[in-house]
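Both complexes below contain chain A, partnered by chain B and then by chain C.
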Partner chain A sequence: MPDIPQLDSTISVVTPENISFDYRVAGPFQRLPAYLLDLMLAAVLFLFIQIGLSLTLGWLGSGLATGASLIIWFAIFWFYGGIFETWMNGQTPGKRLMGLRVLTVDGTPINGMQAVMRNVLRLADSMPLLSLEVLQIPVPVYVIPTFVLGVAVMAVNRRYQRLGDIVCGTLVVVEEPSWRLSGVAKIDDSRAAQLAEFIPPNFRVSRTLARALASYVDRRRFLSRERRSEIASPLADPLLQQFQLPPDTSPDLLLCSLYLKTFVSNRVEGAPRKRAANDSPFTNAESV
Partner chain B sequence: MKVSELLEQRRENWQELERLCLIMESRRRKSLGAATLSRFAALYRAACADLALADAYQLPTNNVQYLHLLVGRAHNQLYRSRKFAFGKWIESLLVDVPQQIFQDRCVQAVFCLFWGVFTLSAVFASSEELWPGFAESIMGEDAISQMEESFSEPIDGRNPNQDFAMAGFYIQHNTGIGLRCFALGIAVVPGIWTTLFNAASLGAAFGFMARPDVPQGVNFFNFVTAHGPFELTAIVLSAGAGLRIGFSWIHTQGWTRSAALRIGAQNAMPIMGAAMVMFFLAALIEGFVSPSGFPLWSKQVVGIVSSGMLMFHFLVLGYPRRA
Partner chain C sequence: MQLDKTRIAIRQRGVLDILDVSLHMLWIYGRPIGATFILGAAAFALLNHALIGWMADVEYAEETPWRYLWYMSVLVYVEAPLAAAFCTAYLGRVVFEQSCRSGEIMSDVLGMWGHLLWGFVVLRGIGLVWLLVLSVEHTEDPAYGVLALLFFLMLLVFGLRASRPYLGEVILLERNPLLRSRSGGMTIGARSQMLHNPNSSELIGRGLGGALICTLFLLAIVATCSFVSGVFFGAWDFGPILVQIFIPASMWGMAMFFCVVRYLSYLDLRIRQEGWEVELLVRAEANRLQTRNIG
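Presenting the complex of A and B:
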């Protein structure tokens, strides 16, 4: 695992099988909406319980209902996140909606203790608290969280951990939404296969070139024609000279054919052996 | 071998692993047989090997990403952690935790600070002459009149409604204080400040209620005697645990700050666990004994027994043993 500070917000986790795989770490701007959603859900939950209590226990006496609702308020305030993260495998409803999950720093699911503690310790992250007086309410009660401390701590470590996360050894990752094996990119243009036969058989594609080809072909369907040739030509032009192909060959087509040659197979089925005169690969016409 | 052929070859295995992951993530996990489970492990190892060799195979980036996701997902199913290990907790609560608490400098410091300020504040508040207006300035006029009102009627079980409301309020209030002291302890200064402030205001409440001219005092002590020992000790312990974490990143003992923070947290967790148990016991007593109509002497017995249990836990179980 290269230990180079990277610009991407991914971390790699090394498993006991000596494999390292990558997670994308969630930053403060992905976690804040999840937290606000959770706050709203907790408020709604408390409201419903309150209504339920006053309908049931309220008959028995208002004091019992008040006591019970105070204890439920306490439980929701301190343990909402901890309980959900324990039973929903590191997710609260807000985190699930935002596609986040809490894991330990070695990539395993968190346990109950960590879930409860990191949520209790959110109070320390929410420091310094502001008084209600900033909202023009003349009560000097310090209850408005600013999360300055938490954000400051997040900013100075690579995993965006707040204090509670550091203490419990946890981190929040983004769950990848797309979950499909896409395989090799399809190239519909038959001219690419024809052009592949003109590439010298002794040309070996280096590892970095293969990587560049793969990411180019993967993304070219999102690019316009002009953009394709603009991006492809710095790589393709020297290769065209090397292969002694006509200089007006489409750079996009050349990269596609190199991709076919490298990743798909030496001989593409269905590629006509004989070229039709009007279907020459050596034209500047773009493949679709 | 070309990538496309390789992918065709592996695709089935990967998709089977994906299907198994889906089953493992749902509740149907228990219905999987041993053969399927070992098949899962084998498929996982194979996917790991594929990922390890992805670079050598020259897999396109999107396929490597897919493999990362697949391996990560299977890894999370294979290496599950237990939710709560209760048996282990009880053992450590009775053997390791008292030893640790006995020797923990932070707990000792908080113990002295809390009880010192508490006693001082109680003494000042208990008489009008010693420091005029002390109780009022610490607790605030509103809080005092609210407290006087809530303890205005004798606690004899005839008015369970009001008593339960009071018990509910004090459970959430005092446990909240404990958790607050713990959480803010990480930032050291706010933690110490909160602890001292609460020690002063609790002490002032006790002192004020002990004034001979306050008629609600009888009801107040009737209410707090039974659960007081557990609750106040739990506040001290949780503040001590918070401060242990807080000081760990100041006095790092040669570790990096974040590593020191983690080590401090590991040391503090058992103390906090003990505090949670005490909060729970206090809440039980507070819910069922304190607001009930039991005679005062029985509540005093509960208070004395719980103090005795705490003494035994800290002093007898906690006294350093010779190795």
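Presenting the complex of A and C:
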């Protein structure tokens, strides 16, 4: 099979300072709601300006008001995105609401020229344009965008760049609160800490096993008891044999104790050694 | 097979992210996805032409053959999951970097062919739609009765498809039996119920959203086809090339795209509901442990 990188919407961007960041890039479907919101906002903005013009310039003559509104429409149509993305650091109101931001391909903020150009070039991405005649309006003006070209271009590159993005060296990323420190998961069942003491001290946890344990403990609270047992068993069963623990030990509890031993070894060492008689860790009762 | 080394990053995704990744996946794996999809869809496309091709003929068609387009939409919509069987089997293998020889994919599908026919032709109404379409007389009479019946049948199929969208994936990839054996075990119906029922309202919402996106996307593609037909063939109106070739091909193209979307959504549902990504990691680690112990 050809060596193809794992398919994902996350890409690594290396800044000019040689620092690597992982970003989730937004494709056409993630951008669509933001675009529609901006379109609505632009229409509302134009409507208010139109009303204002009618009230102020209307008395000077309808021709003047029409001319002014055409100029305003031209300005909004071509520069709405560019102005907002310059002013709001890569965001328009729609993008801000949907948590998107435009960056350069090396992860730095975009400049005014890039912001304006990528928005002007949206016209190329919206090709082919259709005539109003398809809506039974007898005016042969090609203004209905299909965006098929833009979507096709986005589909063929990993960064989901449309033509405007490729020309300007930009991409759209999803802003995520990636700076959360989740810390060590809390395991309420004290038997896990007790069971951890029975894991042989010479057992070495590999990186991949540590990752599997961390993922398991992170997700287990969302799963039913049966499902926890089902997931944990394939790994817990051979480990129980290896550690020479009773075979009816709860698989879930074993993985939790292994997690504690791996990530919270100090706490395990300091865990109370005194155990109640009915509080044996070797029980198939699931931990909570 | 290394369960934690997949061709697609296994993690929870939103609907829009799934649509984006599907689009990119269609580009990366376009050739095998296209080939396996055509393998399933070609027979249905020919059958549809045999069933309703006459409606597009000039002597029956109006200026725009709406009746033909409506029947074609219904047929493609109900047949799409069955036509996508080979493609789904391929996706099920390629994600885990399993070998994807055509013989293996064929045997994956043909081994479950009876289940698929029962699930889709009988329960999901494809057979009924074929019978209804066959009953239409070859005249200009639009047969409003059949049109209305087809409309209600399509609503019913939509409801079934929206509430249990991953029946094809359950049949082909989980390979449960149709009937409960003496020793017990999970049947297709029970598995499907277990997977779909806890999320039914969300799945119906996704189904409606998917239908809207599909319609808009299809209209954009048909409009582009019309543009291409106008530019290259000088035929700007709804001519035979556009109606009988480009539009059905666009519909099948959308069905192929949504086959990928459905597969990724199925993975996503299993991840959210069953902690599937964790299971893959744990199983992969168990395999490693076993290999180490044997070594």
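Assume the second predicted complex is superposed on the first by the 261 of 288 C-alpha atoms of A that agree within 3 Å, B and C clash if a C-alpha of one lies under 4 Å from a C-alpha of the other, contacts with A are read in each partner's own complex, and residues count from 1 in each chain.
What we mean here is this: a contact is a pair of C-beta atoms (placed from the backbone, for glycine too) under 8 Å apart; a residue touches a chain by one contact, two chains touch by 3 or more.
All values reported here derive from a predicted model rather than from experimental measurement.
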item: Clash or fit, chain B versus chain C on superposed chain A; value: fit
item: First, second, both or neither for A:I71, with chain B first and chain C second; value: first
item: Which of chain B and chain C A:G52 touches, first, second, both or neither; value: neither
item: First (chain B), second (chain C), both or neither touched by A:Y160; value: second
item: Once both complexes are placed on the shared chain, angle at chain A toward chain B and chain C, C-alpha, multiple of 10 degrees; value: 100
item: Touching partner for A:G99 - first (chain B), second (chain C), both, neither; value: neither
item: Chain B versus chain C as contact partner of A:R211, first or second or both or neither; value: both
item: Overlay on chain A, chain C to chain B nearest C-alpha distance, Å; value: 11
item: Touching both chain C and chain B, counted on chain A across the two superposed complexes; value: 128, 211, 215
item: Contact footprint of chain B on chain A as seen in their complex; value: 13, 15-19, 21-23, 61-64, 66-71, 73-74, 77-78, 86-87, 103-104, 107-113, 117, 120-124, 127-128, 149, 157, 163, 166-169, 176, 179-185, 207, 210-211, 214-215, 217-218, 262-266
item: Contact footprint of chain A on chain C as seen in their complex; value: 4, 6-9, 13-14, 16-17, 19-21, 23-28, 97, 100, 213, 220-221, 223-224, 226-227, 274-275, 277-279, 281-286, 288-290, 293
item: Of chain A, residues touching chain C in the complex; value: 1, 4, 6-10, 24, 26-30, 32-33, 128, 130, 134, 144, 146-148, 151, 154-156, 158, 160, 206, 208-209, 211-212, 215-216, 219-220, 222-223, 227, 230-232, 234-235, 238-239, 242, 255
item: Residue ranges of chain B in contact with chain A within the complex; value: 2-5, 7, 11, 14-15, 18, 44-45, 48, 51-52, 55, 58-63, 65-69, 71-72, 75-76, 79-84, 159-169, 171-172, 175-176, 179-180, 182-187, 190, 245, 258, 261-262, 264-265, 269, 272
